[in-house]
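To start, the structure under review is shown below, and the notes come after it.
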Amino acid sequence: MLEVRNLRRRFGGVLAVDGLDLDVGRGSITALIGPNGAGKTTSFAMIAGFVRPDSGSVRLDGTLMTGWAPERIAAAGMVRTFQVTQPFAGLSVAENIRLGAFLRTRQRRRATAEARAVGTRLGLGAWLDRPASALTVAGRKRLEVARALATVPRLLLLDEVMAGLNPSEINEIVALVREVRAQGVTILLIEHVMQAVMALADHAYVLAEGRLIAQGTPRQIAADPRVIEAYLGHGAAARIANG
Amino acid sequence: MRRAAVPLALGVLALLPFASSSQFLVTLATLTAVSAALGQAWNIAGGFGGLTSFGHAAFFGLGAYAAAILQTRYGLNPWLGLPAAAAVGGAAGWLIGFSAFRAGLRGSYFALVTLAFAEAFRVLANSLDITGGGSGILVALHPAPGNFQFADRRVSYALALLLLGLATGAAAWLASGRFGAQLMAVRENEDAARALGVAVVRTKSATLALSGALTALGGVLYVQSYLYLDPGIAFSAERSVEMLLIAMIGGAGTILGPLLGAIVVHAIADTTRSLIATPGVAPMLYGVVLLVIVGVLPGGLVRIVARHA
Amino acid sequence: MTALLLPAIVGGLLTGGVYALVALGLTLIYGVLHIVNFAHGALLMAAMFGAWLLAAKLGLDPLLALPLLTAAMFAVGWALYRFVIGPVSRGQDRAILLATLGVAVVIDNGALMLFTGDSRTIETPYALAMLQAGPLLLPEAKLIAFVCALLLAALLWAFMALTDTGRAIRAVAREPEGAMLVGIRPQRMFALAYGIGTACLGAAACLLLPSFYVSPQVGESFVLIAFTIVVLGGMGSFPGALVGGLLVGVTENLGGLYLGESLGPICVPLLFIAVLLLRPTGLFGAAR
């Protein structure tokens, strides 16, 4: 459903992303992982239209979206969340989610009902009428997902939704992401938490220093020496193999 | 019931002058209503949209000049000045907004660029022939309803109330509808709004256009009641600041804020003017009130009312 | 016209030197506190009234009053930040903008209250004196002002670059957290920077007054001039403010020459709009 080809972006002298190829199949959960500074966030920003790529292409269901503004990409059904959560702090939780719902309806009543339903489904029921700024970190992550889901996306881009959460919160989010997929939404996620990726993803891509170094099922990735080296440093794979 | 108390009280207060034969009361009420309408127009951009403008006099002046020029130079019926001014003010708002937001200007930079636009218009009005240059435009006195000039001041007051109603209706529409929700989302966080499909530049430009159109209508009312206009009146920085003050003092981003703000500002002005004749005292007090509001009560006076209602 | 061109350019450069001093104060405040000081024009106007009072009532020549007024304006700026702008704004951008606007409104109307709206000038022995330089006749007052302004700019630069206090201020500007770790208190430096930025206005006022007039409205026109310079030179950039000051001085004079007295003043706001819309980083692009 999503086809990314040869995406490239340079910041000053640094090649942040160097030729990313990536496919996301309909109904799948695909992960893009890599150590800090690997270019994941830049890749994501380029796919969602927040950063213009120097070259390469992004297609959603065959439609070329390279160079589109983020709002146009969102309207076309590809919606992202932010790693550093970005609530509309002055608005209530329900109003935050309603903004997503307004992408698909002009009617206030329908948008409000939709927002409350999505919020409740994502476990924010008790918080709906509180200001978004009152939420905990985990609550804000849920709000990010709820807002994006309220836009009824075809493809949901999740940017490190588990970063900063404790293990039990991570388990809750993992369950939540599975549920979202079960409802028919395709998911591409960036993740740093390996455990989460292992539990969730059908397919994973590994970025290091702006280049794709491996791809496959989480099991294949976890066994790949190149991945281990990228994460743990040069020679790590050999050290682990030698016990 | 209690929520309706404040709007109800304001409504009764607004109707009071109709029952009175006091010219003073009617004039005071008219001035207050126009100020409230202009404050509300500013509030639509500056409060709901977070687009802090220091140059709203640009729209006021453009509307006023559009109305004055059309009737004195082209002999058009003065009532046509209303749609013409709204169109000019709206177009100017959209153009200024679009160019500024496209360039990524926000916050202080946006405030400064609006100030510069107002100043550029002032200089233009001061040097062009069509605006009468520095000596301005005099509209001939000819009271007749068809001529948009009224012998009975209560009619002017009714028109001022109508404009206030229009501006407040626009604010209420923003507070409840989809466009307003998107605007407030943009105000709170542009990136997050874009990620949810909101066209940021278009939303902000449209808001400034709406605000500009309403402000321009206020300019028409000014011309029709004073029958005189010059560059200093049309594009003065004091006008821009007064609009901002009224919204900020009353409560920016709220529907009732500018109404409260206008009442308070005019109360300050008239009290001080009756006590001390020296010019500058009342505006200086506005400045002090602004500092106090920004420092102690950022939500404006409406917060106090809301707390006790 | 060409016969008038050279004098217009030279005259613009001379005035621009003093503008640069005004803008240096503004750019310093922006560079350190990252705030847009909307009260800058009003403070300059207040300083000009100060210089006028000293000259008209006490007979003190503005050039002699310069050190006194510079010190006094430092105190005013320091206190203003310490007791009004700092506490009112609590570090929020919009609140700072509105706080400095509120201060400007108070000062502008306070001046109107005390001095009425009349324009005032002073007489100095050198006000009308001219200096012959080749084909050019240079007004002595402006020449003195230009030289003094550049000297003071150099002094300010030396202070910021060479003294411990200057270094501490710059450290706070660049790395507030880091500066705190080495024991510098940011709020103190902010008040200091605001004071120094305002002190520039005390000096500028004394240099401007012999060839300008003062009225409560001049602050408004200077605010746009100062911001145009600072934006042109790149917010926070010292050399930018200097070059920008000269450029704006020349632009203003050429505008008057080619567009006439009434349309000429449009050059400064147009220049400002053009720079903001087309090249918001300024010509030198020093700051973001």
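By letter and in written order, the chains are A, B and C; residue numbering begins at 1 in each of them.
Following the convention adopted for this analysis, a contact is a pair of C-beta atoms (placed from the backbone, for glycine too) under 8 Å apart; a residue touches a chain by one contact, two chains touch by 3 or more.
Remember, predicted model here, so these are calculated numbers, not experimental data.
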| said: Tell me the fewest steps from subunit A to subunit C, where a step is a jump to a chain it touches. | reply: 2
| field | Most heavily contacting chain pair (counted by C-beta pairs in contact) | value | B-C
| query | Among the chains, which is located farthest from subunit A on the basis of C-alpha centroids? | reply | C
| said: Based only on mean CA positions, could you tell me how far subunit A sits from subunit C in angstrom? | reply: 49
| Using the average of all C-alpha atoms in each chain as its centre, how far is it in Å between subunit A and subunit B? | 44
| task | Indicate the whole-number Å distance between the mean C-alpha point of subunit B and the mean C-alpha point of subunit C. | result | 31
| field | Shared-contact residues (touching 2 or more other chains) in subunit C | value | none
| query | Got the subunit B residues that touch at least 2 other chains? | reply | none
| Hey, which residues of subunit B end up touching subunit C in the complex? | 50, 52, 54, 99-100, 103-105, 107-109, 111-113, 115-117, 119-120, 123-124, 126-127, 133-134, 237, 241, 244-245, 248, 278-281, 283-284, 286-288, 290-291, 294-295, 298
| request: Flag every residue of subunit A that touches subunit B in the complex, lowest number first. | output: 48, 50, 69-72, 74-75, 79-82, 86-91, 95, 98-100, 102-103, 106, 108, 111, 147-148, 151
| Hey, which residues of subunit B end up touching subunit A in the complex? | 176-178, 181-182, 184-185, 187-189, 191-200
| said: For the complex, give me every residue of subunit C touching subunit B. | reply: 35-36, 38, 84, 87-90, 93-95, 97-99, 101-106, 108-113, 116-117, 216, 220, 224, 227-228, 231, 260, 262-263, 265-266, 269-270, 272-273, 276-278, 280
